[in-house]
Amino acid sequence: MAGEEIVLRAEALKKNFGKLEVTRDVAISLPRGARHALIGPNGAGKTTLINLLTGQLKPDAGRIELEGGDITGLAPAHRVRKGLSRTFQINTLFPDLTPIEAVTLAVMERERTAGQFWKRLAAHGDAIEESFTILDQLGLADVATRTTRTLPYGQQRLLEIALALATRPHVLLLDEPAAGVPKDESAALFAVIAGLPSDISVLFIEHDMDIVFKFATRIIVLVGGGVLLEADPETVRSDPRVREVYLGHGHG
Amino acid sequence: MISQIAIVLFDGFAFGMLLFLLSVGLSVTLGMMNFINLAHGAFGMFGGYVAVTVMRQLGLPFLAALPMAFIAMALLSVLIERSLFRRLYKAGELNQVLFTIGVVFVAAAAATFIFGTVQQVIILPSWLRGSVEFGGVRFGIYRAFIIVVALIITALLVFGLERTRLGAQIRAAVDNQRMAQGLGLDVERVFAITFALGCGLAGLGGALAVEIVGLSPSFGFQMLVYVLIVVSVGGLGSITGSFAGAALLGIGDVAGKYFWPEIGSFLIYLLLVAILLVRPLGLFGKR
Amino acid sequence: MTTPIAAPIESRDWLRRRSRWSPFEIMFWLAALLPFILLPTYLPLASQIAIAALFAISVDLILGYAGIVTLGHAMFFGLGAYFAGIISVRGWGEPISGLLMAGLFAGIIGYVVSFLITRVQHLALIMVTLGLGLLTYELANALHDLTGGTDGLRGIRTWPILGQFKFDLWGYTGYAYTLAVLFLCFLLSRRLVNSSFGLALRGIRENVKRMPAIGADHKGHLRLVYAISAAIAGLAGGLMAQTTNTVALDSLSFERSADVVVMLILGGTGRLYGAILGTIIFLVARDQLAGINPQYWYFGIGLLLMVVVLFMPKGILGFLARIVDRSK
């Protein structure tokens, strides 16, 4: 792994909720084009870590760098504009908008043209086209003009990703992208993720070990708020401590 | 000057205690269900009418009319909560605000229909009238009575909340509704009881307020802004917060109108906005 | 249901169709001209409705589209009214420039206030808007020399429009003037809600938590729409001052702030025509009912509010739209 360009780096991240240490001295580094998985039992602090990285939460200590620049104090929207995007474990969509509207909005926020109240939306042809391309890429072209709340759950999960892609991320953090999706569908969903442009670095949280071992090139194991182990899938698979954590807590 | 300050503090505190009784129920129910009930003051209004009516029609003494106002409003509130308000717990805050404003309108119209638009008067027993002199300052006996009643009720509330089973349930529901529900607490029932108690207190406050601020069908509107200020400044779900907020507002209001009659109200609203901008959850709000 | 589409062009067409003028709209605006011929005795009421509708549109932009609940928007209506009135009293009665300045003034104050508004949410937001409204009312009351206090502003004189059209006693000029301003502001608002900015506002209303995650400066959007809304409210207030030649404290009152929200809810939020329809129903009903007995009016409006909230959450227009959708 040496010599690779690191796009996202976190050092000594700490976060406490009251007396509870939810993030303990976490350091991670994500090289360009990475497909890393973040695993760990429930309550290990996986989502908290993503919230810290993307700025929804402020760390008590530590430092976060995106492509060499310090982003520790930046607001979430600002990080997104710098190329750090995320999806949410629980659908965080715009229920009354259609996918084409929602993704076009994300594209236009990126282009800083969303505030143009004097120009009709339909006149922004490029943004709409780009948005359609993204939807098409994720297999959502057919439902582009249906209201989001009426879409099947699996398609709503894909729309989560489409919204994040519309920000043209350099780093994409996926918080359980397949949460609640049936197993056969989740493989298809991860096939989409695997097919993302190779210059996007991806870190995803996932519980299904088959999927993790299939799609991740490297795995970070989080336990009790701290990194237990970071290694390639083979090492993780055979690590006794990981087995202990998972089997010991009844996860499979 | 010192005597002026003393009388302003005294009158203001008494007014604040009225506001406390009128608003503490709303603060607790808001903290529990996030239900913005702008009609809370209307219960105060009807409480006042109940007290006036039972005294005039049934010849009951003032001290008996007060609990009647409490009981009548507690019962009425259960009826309204079960039939109407419960449909709105999941609705957005705008819908809650509008619906309960609608209730205030209807209540005002109903009060006019039954009692007319005239200002009602309440005849106090002789021992509550007049004033006593203390250090060269004359304090109204009735205002002292209000303060005593409010302090007793505050003590009961604090004790009840800290020491009784229902109190523990209420605290749990305010702290974390979902967790309380998960632990098998019937939050809706706890809420209905709290709501009834709160509206009963508003009714009592309304009955006590007749002598001080008068009573007419617009009472619900007049008190609305005061009640909202107490709740939002004090912080949701907090009895101490409501107490402090009400005392602060009562003293501030009386002092403002006494010393700076031109801009007294202006200063109150300025303070309200400033407090909320610095502490959006109120002075004692936790969440 | 929409048929599946296969090309980006069709998505674009679909978006374009959503902002196209419908025959109903054209009919509506033609009907707005009818009072000139059919109901000349009601022209003053028609002007009042047009002014209130403009005010309701301003509130719809922030409440219906961006989801900012306000109980204090009369603040900007009153500021516009007093501004237009005061410059007239001080010797500048030219209506169009006076109106524009009134709108600009309210808009600037709105922009300043928007920095406070975007700091708070939920109950605190409602209370801050309410508090600012009451504060402005008390301020106008205290600045007696400037505003006339409780006596109202005296001596407003509005010059003929473009030096040609005098404000007549029957209200022909008044209605033509207010209707023209309403229509222009409506066009502006219509363009705004159909723009990418309108889309961003709907995004904020639909899910404010997602907005930062798509890189949006949603507070910036809110500040902008708040200022625009305040400016339109100021125009409505200015119109009232110029067409009635009076400005009183009630232009800043809580009742006015609450009434406009009620009108909007009746008609349906998040639709410009909802604002207009709600205003028409509200003011015509008040005109008719309050003549019989004001208490009927309060009772009726209270009951109507409760019914609308419980059974027609998207207002009368939304209710009608759903019926039309179903019968298709």
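Which chain is which? They are A, B and C, in the order written, and residues in each are numbered from 1.
The rule is short, and it goes like this: a contact is a pair of C-beta atoms (placed from the backbone, for glycine too) under 8 Å apart; a residue touches a chain by one contact, two chains touch by 3 or more.
Note that this is a predicted model, so its numbers are computed, not measured.
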item	value
Pairwise touch network: line, ring, star, complete, or other	line
Of all other chains, the one whose Cα centre sits farthest from chain B	A
Geometric centre distance via CA averages, chain B-chain A, whole Å	49
Centre-of-Cα separation between chain C and chain A, whole angstrom	42
Centre distance in Å when chain B and chain C are each reduced to the mean of their C-alpha atoms	34
Touching residues on chain C, where the partner in the complex is chain B	63, 69, 71, 116, 119-124, 126-128, 130-132, 134-135, 138-139, 142, 254, 258, 261-262, 265, 295-296, 298-299, 301-306, 308-310, 313
Residues of chain C that touch chain A when the two form their complex	1-2, 4-8, 11-12, 14-16, 19, 191-192, 194-200, 202-203, 206-207, 209-218, 220-221, 224, 228
Residues of chain A that touch chain C when the two form their complex	54, 75-77, 80-81, 85-86, 88, 92-97, 100-102, 104-106, 108-110, 113-122, 124-125, 127-129, 131-133, 141-146, 163-164, 166-167
Partner chain C, residues of chain B touching it in the complex	30, 36, 84, 87-88, 91, 93-95, 97-99, 101-110, 112-113, 225, 228-229, 231-232, 236, 262-263, 265-266, 269-270, 272-273, 276-277, 280-281
